[in-house]
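Heads up, the next two complexes both have subunit A, just with different partners, subunit B and then subunit C.
What follows is the complex of A and B.
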């Protein structure tokens, strides 16, 4: 069961992030929770790629077990997309704050009604 | 209704926690040496990102460009004509930016150009170059840096980089892979695209606020 602690930490991070996502009323806090949950998912993928006593997946480093390169490639995609979508979401939060002067979703819902 | 969401999250997390025991004992990694060498790379991650999963990377670059364009649309229409406060130029930031900027640019170019031979690649190199631009913006002020950099030309060259990357990737998906020359050029194009995108996000956010 080597490397179990990374899985535990990843699941705790995802739980904390999703909990913040549904409990907080401020939009920016919700985005921060989503950010933490995404970090947990990334940590989970990196922990899947781990092998005991492994070296990085590079040619010419000698024999022995290597880490799994496929989840690492997935993580690369996830990080970049995460950065771009978070920037887009924050830009819309700025837009919302300029036009509605609040970031509280309860107030926003009441204004919509 | 919130208890439904809470119960769903707890159930989902316990499902994942129970499912992780199937990951032990760790399965052996399938041999990746031959396919990696066939794509002309030594780094297996680069061979996957720019070889076996090239479609994924091309569409990822498109998603990135779309998100950056969305940031421009959302913040460009705000139309704040508020006069910017003068930037306090501290000599410490200015000197450290002067000293650090050259090494940062060279490091990012090195990481992009040697990304298929070792740890690195286009995306980390673009992030490094973008953070170098952030350092320069902290020292000089965003608006002044944007004027000095001719930002309109940069944005056009970002779209040019994306078009070149899509054309290169599409051509090599149809014709087969020529080897490491494609990996180097694709990594350099991705670096350019990611760095300019990060700079555009920084500039529009700073302008919506006033200054860095």
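What follows is the complex of A and C.
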């Protein structure tokens, strides 16, 4: 059941994050939503690695079943990519705040037309 | 190590070295050389091979698709690097890295490498679109970034579901398992994968970030993005279709994308945004080809390469025209172009409306010879729409004053003409009176349509950022629901 609850939590996080991403007008809030949603997707991959009665996939922890190491390796890559994307997005927000003096997407869109 | 992978590694390493050492052109030139040597060595093709354990190693394949896109990527890199040779700073190394990532993406044939390559290409695209630090371009990039991130969350969830159920990431192993889509977990997972790749490649309703991002990017960047980078998502979709029965889905996506893009292109008045909408519609062509498969897939590859060449030519010429005239509006650009950009637009338009004997004709005709009749009519309708949309560029072909810059335009124009002539001579069925007559008739009808209806200007809905994200998510849910209910 623990594996299933992790899946449910991951789906809830993705849903909440995407909802924030759509609903909020402030770009910073949108990025927070995006970050929560990415966290959910990453947790989802971790949950895929779950096996009953398993221990972490580390050497030297003794015999017995281990969690699937592959999704965890993928997760590392995904975390790095999400970190880079978020950092770049925040740099863009700083630039837009300096040049347009707003973080509200409606204002950013309107003046652009 | 595999020759193609060695080429990719050399490309990426030289891209990184380009940040550190001067002169900057040297690393780009060496990278292109390394890529060309690698392509020449593996050009006969290699069957799939895996580095590392077979269920999760890096799987690469050197098939026709990879070969065509490698040639396109290297050619575009040469043309754009030459055209933008005056740019200092990080531009050239970033361009080298982006091309290298594209080379990696098109030989990858496992789910996670495709993910990494698409993400890396997206990150490098963000940096290049916002390179000139203009507010419009930065805002367009941020929109692109948010939508692309949503797409990649969907894709990651799909990877998790498919791997959790099937236990492998290799697409050919998945094909050997022949899972079909009857299992609901697999159906949802594949739906998520297709939706993610569709957002990434800017398909209509999924990726509405594409027109502003390509429209406001610097000249050379728009050329590489429209010519090469958006097609990486389409390549990912074509690779997914190897493992799962996706033919009808790609066909449907292609039809929607083709007509959606054309409708917006018909009434768009900003020159570069217009070209970006046209890119959306041409992706539809390529998807329809991959959806039918077999000979049509070969036609789709040829058309993807041809489109890469002439769309890059169009974007370089358009960007240069906009810089020369300080004006983006198509009607106001009349008579303000120097002769190289006017001629570039003319050759590019000639190719994209599919008039013989240029590259667009070879691609479109090969594609339509390989598809069944009803699909052929759809392709003809799309060609008609393309001709009607491009009719408004006609007044721009007469050059005004000024000497203008030739740069990469000449190279791309030679590529478009050369590939066209080569295709017409070497491919079967292209030297026929009916084919040439049909191409001319369709183009003429399109031009006629434009001149009859040019006063008609409907107000098409312009999606805001929130709407674009919502539309992408709703389309993705629809796609997944479709997978679930038709399995």
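The rule is simple: the second predicted complex is superposed on the first by the 106 of 113 C-alpha atoms of A that agree within 3 Å, B and C clash if a C-alpha of one lies under 4 Å from a C-alpha of the other, contacts with A are read in each partner's own complex, and residues count from 1 in each chain.
Note that a contact is a pair of C-beta atoms (placed from the backbone, for glycine too) under 8 Å apart; a residue touches a chain by one contact, two chains touch by 3 or more.
Just so we're clear, the structure is a prediction, and the values are computed from it rather than from any experiment.
Q: Give one of first, second, both or neither to describe whether A:109 is in contact with subunit B, with subunit C, with both, or with none.
A: After superposing on A, A:109 lies in contact with subunit C but is clear of subunit B.
Q: Taking the superposition on A as described, I'd like to know which of subunit B and subunit C A:28 touches: first, second, both or neither.
A: neither
Q: Please work out whether A:38 is in contact with subunit B alone, subunit C alone, both, or neither, and reply first, second, both or neither.
A: second
Q: Applying the touch criterion given at the start, work out whether A:48 contacts subunit B, subunit C, both or neither, answering first, second, both or neither.
A: In the superposed model, A:48 contacts both subunit B and subunit C.
Q: Which partner does A:79 contact after superposing on A: first (subunit B), second (subunit C), both, neither?
A: So A:79 only meets subunit B here.
Q: Under the stated touch criterion, which partner chain does A:88 make contact with: subunit B (first), subunit C (second), both, or neither?
A: both
Q: Which partner chains sit in contact with A:70 here, subunit B, subunit C, both or neither? Use first/second/both/neither.
A: both
Q: If I apply the document's touch criterion, which positions on subunit A are contacted by subunit B in one structure and by subunit C in the other?
A: 14, 18, 22, 48, 70, 73, 77, 81, 84-85, 88, 92, 95.
Q: Flag every residue of subunit C that touches subunit A in the complex, lowest number first.
A: 55-56, 112, 115-116, 119-120, 122-123, 126-127, 130, 133, 135-136, 138-139, 141-142, 145-146, 149-150, 152-153, 156-157, 159-161, 163-164, 169, 464-466, 469-470, 473
Q: State the interface residues of subunit A toward subunit B in the complex, per the touch definition above.
A: It comes out as residues 1-4, 7-8, 11, 14-15, 18-19, 22-23, 48, 50-52, 56-60, 65-70, 72-73, 76-77, 79-81, 83-85, 87-88, 90-92, 94-95, 98.
Q: Residue numbers of subunit A touching subunit C in their complex, please.
A: 14, 18, 21-22, 27, 30, 34, 37-38, 40-42, 44-45, 47-48, 70-71, 73-74, 77-78, 81-82, 84-85, 88-89, 92-93, 95-96, 99-100, 105-106, 108-109, 112
Q: Of all residues in subunit B, which touch subunit A in the complex?
A: 2, 5-6, 9-10, 13, 16-17, 20, 23-24, 26, 28-29, 32-33, 36-37, 42-45, 47-49, 53, 56-57, 60, 63-64, 67-68, 70-71, 74-75, 78, 118-119, 121, 123, 194, 197-198, 201, 204-205, 208
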